[in-house]
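Quick one: structure below, then a few questions.
Chain nomenclature is as follows: A, B, C, D, E and F, assigned in order of appearance, with residue numbering initiated at 1 for each chain independently.
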Amino acid sequence: MAKRVLIFAAHPDDDIIGCGGSLAKHVNLGNRVSACYMTSGEAGSLDYSKDELSTIREKEARNAAGVIGFKDLTFLRNTDGYLEYDRSNLKKLVELIREKQPNIVYVHHQSDGHQDHRTTFQLVNESLGRAGAPIFQEFKGTPWSADIVLAYEVWTPLSDFEYVEDISEFIDKKTAALRKHESQTKSIRYDEASEGLARYRGAITGKGKYCEVFKVIKMPSLS
Amino acid sequence: MAKRVLIFAAHPDDDIIGCGGSLAKHVNLGNRVSACYMTSGEAGSLDYSKDELSTIREKEARNAAGVIGFKDLTFLRNTDGYLEYDRSNLKKLVELIREKQPNIVYVHHQSDGHQDHRTTFQLVNESLGRAGAPIFQEFKGTPWSADIVLAYEVWTPLSDFEYVEDISEFIDKKTAALRKHESQTKSIRYDEASEGLARYRGAITGKGKYCEVFKVIKMPSLS
Amino acid sequence: MAKRVLIFAAHPDDDIIGCGGSLAKHVNLGNRVSACYMTSGEAGSLDYSKDELSTIREKEARNAAGVIGFKDLTFLRNTDGYLEYDRSNLKKLVELIREKQPNIVYVHHQSDGHQDHRTTFQLVNESLGRAGAPIFQEFKGTPWSADIVLAYEVWTPLSDFEYVEDISEFIDKKTAALRKHESQTKSIRYDEASEGLARYRGAITGKGKYCEVFKVIKMPSLS
Amino acid sequence: MAKRVLIFAAHPDDDIIGCGGSLAKHVNLGNRVSACYMTSGEAGSLDYSKDELSTIREKEARNAAGVIGFKDLTFLRNTDGYLEYDRSNLKKLVELIREKQPNIVYVHHQSDGHQDHRTTFQLVNESLGRAGAPIFQEFKGTPWSADIVLAYEVWTPLSDFEYVEDISEFIDKKTAALRKHESQTKSIRYDEASEGLARYRGAITGKGKYCEVFKVIKMPSLS
Amino acid sequence: MAKRVLIFAAHPDDDIIGCGGSLAKHVNLGNRVSACYMTSGEAGSLDYSKDELSTIREKEARNAAGVIGFKDLTFLRNTDGYLEYDRSNLKKLVELIREKQPNIVYVHHQSDGHQDHRTTFQLVNESLGRAGAPIFQEFKGTPWSADIVLAYEVWTPLSDFEYVEDISEFIDKKTAALRKHESQTKSIRYDEASEGLARYRGAITGKGKYCEVFKVIKMPSLS
Amino acid sequence: MAKRVLIFAAHPDDDIIGCGGSLAKHVNLGNRVSACYMTSGEAGSLDYSKDELSTIREKEARNAAGVIGFKDLTFLRNTDGYLEYDRSNLKKLVELIREKQPNIVYVHHQSDGHQDHRTTFQLVNESLGRAGAPIFQEFKGTPWSADIVLAYEVWTPLSDFEYVEDISEFIDKKTAALRKHESQTKSIRYDEASEGLARYRGAITGKGKYCEVFKVIKMPSLS
């Protein structure tokens, strides 16, 4: 049966860098993928005003999602570089989780070197718990718990991981999707960085030519 | 399809304390359970000589396994209280893993307060890697990798866990199995300790009346 | 000579779950027990409005305290689920510590899984230091330093502890007190969770049938 | 009532550096102090043969103890620089603990930069547990548990400590005792290092002009 | 060629305590030293009003700097005891770094026991990264990256350090500078604390009579 | 002036994977490079007997060194997969360090996933300390301390690093050197893994197209 997959990213492009290959695999398996971006990454360039860049990057995110094969994107538009762990974000995230009812969730890992990435983990991790508990009156929607939660790597490679995904069949799609983030890759070649790390992970784990690795936050019990 | 389950324990009774409920669930699902004990726990009493106690505890382990519903037990008979991370144990474990070809493995977690428990984790964790790699000539058998590896709690409760098993239906079996370890429970009531912790885990996680919790060491990828 | 004991809890019932047995022991020794609740736990149910639940839970806290044998309760009424480490709370806590002049303090441990619990630890730990230092003009009262500070377990069992309290004589009182928190125990059986964990701690440490364990934050010097 | 105090040190002089002031305070209180040295520190000089240095350093330890006011010294004579966590040392330590029946134990802390110091902690910590448990047939003597266990600093200052001892009255004695370790202080001025650190600890904690600080490993329960 | 050195301190006097000897050495080498204080330490006394104390401590900082030999001091005047990691401080720090263009930066280490010290580390560490990246439009000035970043110890000695500075020639200057902070040293003898710790570090590392030690945050690459 | 560089590796090829680019850079700068291999990697294949493989891999190491431009290789020939922290290895390493008198040392980092890699770190780190101290009579040679010690990544990427080396000019040499380890790269493409990780490090740090990153263990003081 088709699964619902929800990925949380601090900025547009983090989703593709961290697990673009896995997302393409989900699409290929017939699963439904949605993405939620905490900020629209408007701090990432001196070439555009913040408003322009925000608009550009949301469009790039849609293009990248198009390459992967999904089109359900939510932009929370927090301030890039200053994402806060606060009540407003918790409420939005809890209600989004209850609305999307994901079986599988992807999120930044908690030791990533970028502050916004760590804050995204904290917000999402707390929201996943609250979304499943029928006790907070301020949150709308029906309680929902994801079965699987996996944390991906962007700025800081994981020291330990418990899950490996062979994305060899999807590496081209992943790289092509990343190249849609033109405003970013023209200064930092995330596409090459990401492909390089995937090749490293693949060779060292021996699970495939290109792999993505994840820290397990939640694994489903025996049926 | 029936799965093969292999549990590693430092001493007879650790298997039941740490995951006796899950083992009973596996048996109930039709899975094949095997256990491997690093020592025969001969240090655990002043009432018997070491040889007597070793014999008694192996018999208790068989009785407990009988209650749970499995009978494939391997005793490696290292010295209780002085288990060593060495070449001889690695070889035995690698070959046992290749022989039993488990889909699912259970082992002590690496931060348990008991030195033998931590050493068991280190030995098993290293052996799982070596059993799957076709590079060590000194190990007999065909390379084998388990799909799932879970770490259980005995002397030190886990601070973080990513897997919860509802064992409510099997708590009576678990407790009854523990009571077969009479030489132990007459001085320390492991049966009551274990039931108490399972009740705590069940209530706090909300996943069932009695639960066992685990740290995920390896989770299978999406098919 | 009678001691003054002060316990800090994020929510009404955390005090009883974490150290209700020790508190009953203090009362029995003739010590004077006071409690301070950071929030009134108004997020913990969908059955009541926040205002109603706040009122109910404060009353339950008084009833539970009555069972244990103390009646000095302070409610700081921060927002449940959103407790903040801020100047206002620090001021209230420093002045409360200076007013109550406790010899012994109990507080959540700093690695508890619940954010409000960790924030309570941070607030109390910082306030204990500031309460004892004669340098902050904004705080009223006379500097005071507690002799003993112990951290208790609620949502996350302690991995290491340096202090064990045998509460076997008081387990019934502890459980009875917990049952006064009816609005909570009807959804989560904290009474059974807590008794289960105490039995586990008792059996494994061998210090009594039921025990509470603590991380030592401060221990008094040799006289 | 007089207490029995037992200090474990990797090398002669570690006892004085880490807690010489506290030991002098114990003597002053009428407590009985004993010391156990894992090695005789024979690696610590190029000026003497190992045998000579071993003899010299044991004599210096006796002289230093004389200054502090105790004379019960045990030398286990392991190889300096290569102390091992093994069965033989565990047996010696368990039996020494059972023989000396200490109320209070001092030992290196587990994160000290010197390997022998860390191994001493591991040996002593494990031995304290085994000495108190009536289950190991190979250990002679009657089970005994210390009430208080404190870990002191030598090569690596403690990041966190829960116990402070004001040794201002005894700093001269401590420094004088250290100077008895002439074979050492002529190359490294441990006396000045130790006095410097004690002054730092005293000023920063505000508990006295000179202080020693400790990590609490075990604290006695309320009577 | 002369280097530019920039030190960040939570309070006036932390700069001298943590690396006053190194600063004197820089001055002696002909390097240009600047200091930036996050707060003016106005919480540190009951004898003066906050405004008075702030004025006094800034004057003491100038006097201390005079002893060391530098006079470029910036006071950010955050609230002492409540320093916040926020956008306003990040902006000030990024622009200061771009203005001063330091080759070498000193800052509190991230595990210091004082909250303001840890927050200073987080602010400065993040600001160093942002100051060097040409992507944040809100920050004025030209991107600048320091070559060397070192973290010093004040309230909590470092457990590990990778850099040692022999300050024996400058210890008198360091101590004299600290004594200029009269409003502080009359209650806490930071001068003696600091000299004591430097003596300890010197003797134990064997690198000089008095030493300061540092955690390396950034080290320059091979030219 | 030419520097002496000494690299320690658990197995032949770890040196090239971890810092082959930096070594080529040293050769290019006129520095003298030496390498020491703890084992000869004889466990890494089923296609050859251990003796054959050992011979092959030492030859491959010489070929790889030839590509980089150095030829001083020492093989300690410990058992691959079972490297031990013991007295014999410490003695060999201390004497090698005293003989080679390196200014700069490279070694595995202490959290690498491979046990032999971690043991190599522990042995080398301890040996560096002992090589510099004039106190161990059993070690021949004149005391020597390296100025710079850097730890490289192989099986586990570093979470934090303080040193980045731009190896863009030398990436081809590094990859070519790795391909000399034919017995290895035919089963695991270390050449592609290593190039991929270097590209990732380069893009993310922005310091060059291909970079190697290091944890600083020791940094030289200001002259």
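In the analysis below, a contact is a pair of C-beta atoms (placed from the backbone, for glycine too) under 8 Å apart; a residue touches a chain by one contact, two chains touch by 3 or more.
None of the values given here were measured: they were computed from a predicted structure.
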Starting at subunit C, figure out the least number of steps needed to reach subunit E through touching chains.
1
Please give the intersection of the contact partners of subunit C with those of subunit D.
B, E
Does the subunit A and subunit F pair touch with the same residues on each side or with different residues, judged by whether over half of the numbers are shared?
same
So which chain is farthest from subunit B, going by the mean of the CA atoms in each chain?
E
Taking only the C-alpha atoms, how many degrees of rotation bring subunit B onto subunit E, rounded to the nearest 5?
180
Subunit E to subunit F: how many Å between their CA centres?
36
Taking the mean of the CA coordinates per chain, how far is subunit A from subunit D in Å?
53
Taking each chain's centre as the mean of its CA atoms, how far is subunit B from subunit D in angstrom?
39
So subunit D residues touching two or more other chains come to 206
According to the definition of touch, which chains form touching pairs?
A-B, A-C, A-E, A-F, B-C, B-D, B-F, C-D, C-E, D-E, D-F, E-F
Counting only contacts in the complex, subunit D reaches subunit F at residues 43-46, 49-50, 81-82, 115, 187
Parts of subunit D lying in touch with subunit E, wherever the complex brings them together:
111, 155-159, 188-190, 192-200, 202-204, 206
Applying the document's contact rule, which stretches of subunit F touch subunit E when the two form their complex?
22, 25-26, 29, 133, 162-166, 206-207, 216-219, 221-222
What residues on subunit A touch subunit C, complex-wise?
87, 126, 130, 134-137
